[in-house]
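Structures follow.
Here subunit A shows up in two complexes: once beside subunit B, once beside subunit C.
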Partner chain A sequence: MEQFFQQLASGLANGAIYACVALALVMIYVSTDHINFAQGEMAMFSTYLSWQLMTWGASFWIAFIAAVALSFLLGLIIERAILRPLHSAPVLSIVVVFIGLLAICNAVAGAIWSYLIKEFPSPFPKTGFGIAGLIGPHQLGVVVVTLVVLTLLFFFFRYTPLGLAMRAAAQNPQMSRLVGVRVDWMLALGWGLAAAVGAVAGIMVAHIVYLDPNMMGGILLYAFAGALVGGIGNPGGAVLGGFIVGVLENMVAFAGNQLEKATGVYIIGNGEKLTVALIIVITVLTLRPAGLFGRVVVKRV
Partner chain B sequence: MPPFPRKLLWVLIALAVLVPLLQPLLPDVVSNYRLFLVSTMIIAAIAVLGLNLLTGFNGQISLGHGAFYAVGAYTAGVLMDQLNVPYWACVPAAAIVCFIVGYLFGLPALKLEGHYLALATFALALAVPQILKYKWLEGITGGVQGIVLSKPEPPFGLLTEDQWLYYYCFFIMLALYWAAHNMLNSRSGRAMMAIRDYQIAADTMGIDTALYKTVTFGISAAYTGIAGALSATAIAFVAPDSFNIFLSIKFLIGLVVGGVGSLTGSVVGGIFYVLVDNSAQALSLFIKNDLGLQFDLSAYAVFGILLIMLMYFMPMGLVGGVYLAIRRLRSRA
Partner chain C sequence: MAALLQVKDLKAYYGQTQALHGVSFEVADGGITTLLGANGAGKTTTLRAICNMVRNEGSIQFDGKSLAGKATEEVVRQRIAHVPEGRGTFTTLTVEENLRIAAYTRGDKAGISQDLERVFAYFPRLKERIQQQAGTLSGGEQQMLAVARALMLRPRLMLLDEPSFGLAPLIVQEIFRIMRRINSEEKVSMLLVEQNAALALDLADYAYVLETGGVVMADKASVVKSDENIRKSYLGY
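After this line comes the complex of A and B, so read on.
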């Protein structure tokens, strides 16, 4: 039973990270209808930025804040410079551009920081933090940090005029333009925020998966699964979906391990976590594309 | 774009057949290594051709063709390793297996369009290495270690190993290219393209869009699977981690560079990505060993920039772009 709760807690910690990346994906999706395949690699790049700042002597939290701010700027610039001109391009072109971004981020990170795996520090105290036997200090810290970030974002979107303008620009660009919202800039801001949230996820997860240019591949897949489960057009749903996928992934592996212990038959375990995510993605997409909380979009042809 | 000029095509084929025979005369120019490199280019061209049938001619985006390449490679690998099947029999076997797998993946893909299909196939590409390591299959797939095979022996001892491999790949590509060309110029090919251009209209005209889309998915997967099987024979080794997301990205590069919806372009694209990948590796080694700098140069920086630039300036790919440029120059003269 204790093991069960441990797995649950670690699932929640993973889920917090997937929730952040899923939210970043959804923020871009609701405002531009694009799925950002480069989200994971962008977050990886931000994580390297923070690592670089730390090796230059900055403390963890200073590096954290600086890297998140830099990512915000980078996201803004990418939207303005690369995606803006392609706004009404065919789907294939946009997908190709995202894949191009993914390749560039990966190659540039590899060129600057090499493909060697690096250790990444955890900012949370090793003792006196976390609950013994249930959740480790870093895992608890991850959950707390992501919850703080998500709450801040919620208040930003819900209670500030800028947040309102951004939501309006995403929901109805023409009308928003008519009432004086600068829709273009709102989209760019959305991109910046998405990059920043991704950066938070990357920096938080790097201690667990170690730092290397391919660290986000799997996490991006879980985040896709989370976003789809919650409904890719629904930010709150995506966050919840991220947590659901995190817990589900650990529970499936846990159940598989228990089964193997009880019967000696190996069916599923840690090695199949990505496959579980793939199955979630395809099942949700084919059976209920709107996800659990998304609105079903009816299109006129 | 106009069809490829026929005379030029025959000249190229004649050159491709004759040049490797010059090896005894010019051992430095026609080296074994170069023949092997050209063989991998041919294999890449077949894989890109498969992707182009689906994405370029049928409008279904796939970012996960590396998965079918992996299935083809593993089909060939397992058949040769476990059942001692001769290497030439693995090609049709891989084609059949991949056709079935592609057809089955095409069924859920029917419900997805545009970004969503890209997402589903992207997810597939991310999960492939892990699926290949599945414990139950470890007995036949060799798990993380993969399968070590032996290179095909040239028949009658007339050619060298690399010459034979080259001809083997080359003639398979010719046959596949010819088949794709004929298929696209038939009723079925026109139906495929009609679906790409306007699915609802195609539906209204009585085309069984579901059937065509799934079968196209199957055929496309079969082409890429054949490429995978050939690569397993050529490299004589299959391992799960070589079938990662970047393999699928390479096919996409080939597709975009050659031109979406161009058969000739697929061949150019395949040759292109192998060439760039290879030069980048050589350059990276040079920087590390000869210049002593700690700098990993990867071909993906070039690939990424190229992908974005091409989408801006030459959406028809290099082949289409060069053709347009030539036409513009001629009309000016």
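After this line comes the complex of A and C, so read on.
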């Protein structure tokens, strides 16, 4: 039983990371109808930025805040400089740009910081934090930090005029212009925020998966699965979907381990976690393409 | 009366196709001007050109200042409110958010709350639906929301694109009655595009008749209304 709760807690911690990246994906998707495949690599790059700041002597939280702020700026600049000129380009061109961005982030990080795997510190105290036998200090910290970030974002979008303007711009850009909203800037802001949320996820997960240029590859897939489960056009759903996927993959592995113990036959375990995510993606896309909390959008043609 | 909006030789293009071939007209300060004409005459395009939503050339003067080359967002910030064809509802936002977004360009919180109350005085039905998702409103309610949203900009000029479209006659009457009140009580000038010529001529004080991208006649609304020839040849009633 204790093992069960441990697995559940670690699933929630992973889920928190997926939820952040899923939200970043959805934030860009709702305003542009595109999935930013480079979201994970951008987060990885942000994580290296924070690592660099720490090796230069900054404390963890200073590096964290600075890296998140820098990522916000970088996201904004990427939108203005690279995607703005392509705003009326066909979907495939944009997909290629995203893949290019992914490769560039990866290669640049590798060139600057090398492909050697690095340890990444945890900012949370080793004792007096977390619940012994249930959830480790870092896992608890990850859940708390991401929940704080997600709550802040919720209040920003729900209750501030700028948040309202961003939602309006995503929903009906033409009408938004007609009430004076600078839609182009709202898009750029969305990119900045997505990059910042991704950075939070990267910096939080680096202690668990270690820092290397390919650290976010699997996580992006899980996040994508989460976003799909929740409904790719629904930010709240995507966050919940991220948590669901995180818990689910651990539960499946846990059930597999128990089964192996009981019967001696290995059917499914830790090695199949990624498979679980992909099965989730395929199942959702076939059975409920709009996601658990998504609405079917009927387009007039 | 001095002209608030003065449009001269306005040409507009959709890609290679020219939709307006030099349209000129004026909206008097505090007045209501209507643009009439059949489908494809260029009425909607004219409104869109004023807000720079289509490629256009020619002179557009608002309150003595040129609007040429200004982005849509900047034109709107001159307090020109456009109530577009199809109502432009933010379907996933609530009624209140639909109204508040129009006050986005203004910083004064107190004024915004005041304006919300003012707008609800015109449209009590919207107040009943304040937390409802705007996409669930009926067509008439969405049209009211569109006019209400335009009011939240504290406009000097309202551009109205077929506010009667697709609505039951009673609702249309109600909306037009409110528009007349807005014009007389708040001194908001209006440029009204309508298919329903009889209705528009009742409300407006000056009328232009458009045909295939050009003005074919212009006169006081009362004159146009009483001229049987014009009515029969251009307005079809």
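One rule holds in what follows: the second predicted complex is superposed on the first by the 299 of 301 C-alpha atoms of A that agree within 3 Å, B and C clash if a C-alpha of one lies under 4 Å from a C-alpha of the other, contacts with A are read in each partner's own complex, and residues count from 1 in each chain.
Throughout what follows, contacts are C-beta pairs under 8 Å (C-beta built on N, C-alpha and C of every residue); 3 or more make two chains touch, one makes a residue touch a chain.
Computed from a prediction, not measured in an experiment: that's the story for all the values here.
After superposition on subunit A, the partners subunit B and subunit C are accommodated together without colliding. By the document's definition of touching, of the two partners only subunit B reaches A:Thr275; subunit C does not.
In the superposition on chain A, A:Gly57 makes contact with neither subunit B nor subunit C. Contacts of A:Thr286 after superposition on the shared chain: subunit B is touched, whereas subunit C is not. Taking subunit B and subunit C in turn and counting the residues of subunit A each one touches, the greater count comes from B. Angle at the C-alpha centre of subunit A formed with the centres of subunit B and subunit C, after superposition on chain A: 100°, rounded to the nearest 10. By the touch criterion defined above, A:Pro85 lies against subunit B but remains apart from subunit C after alignment on the C-alpha atoms of chain A. Of the two partner chains, subunit C is the only one touched by A:Arg177; subunit B is not. Applying the stated contact rule after C-alpha superposition, one finds that A:Ala168 touches subunit C and leaves subunit B untouched. The superposed arrangement places subunit B and subunit C with a least CA-CA distance of 21 Å. No residue of subunit A lies in contact with both subunit B in one complex and subunit C in the other.
Here subunit A touches subunit C in the complex through residues 161, 164-165, 167-168, 171-172, 174-183, going by the rule given at the top. Listed in rising order, the residues of subunit B touching subunit A in the complex are 55, 61, 63, 108, 111-112, 114-116, 118-120, 122-124, 126-127, 130-131, 133-136, 200, 244-246, 249, 252, 256, 260, 294-301, 303-308, 310-312, 315.
Of all the residues in subunit C, the ones that touch subunit A in their complex are 51, 53, 71-73, 76-77, 81-82, 84, 88-93, 97, 100-102, 104-105, 149, 153.
For subunit A in complex with subunit B, the residues that touch the partner chain are 33-35, 37, 82, 85-86, 89, 91-97, 99-108, 110-111, 114-115, 214, 217-218, 220-221, 224-225, 228, 266, 269, 271-275, 277-278, 281-282, 285-286, 289, 301.
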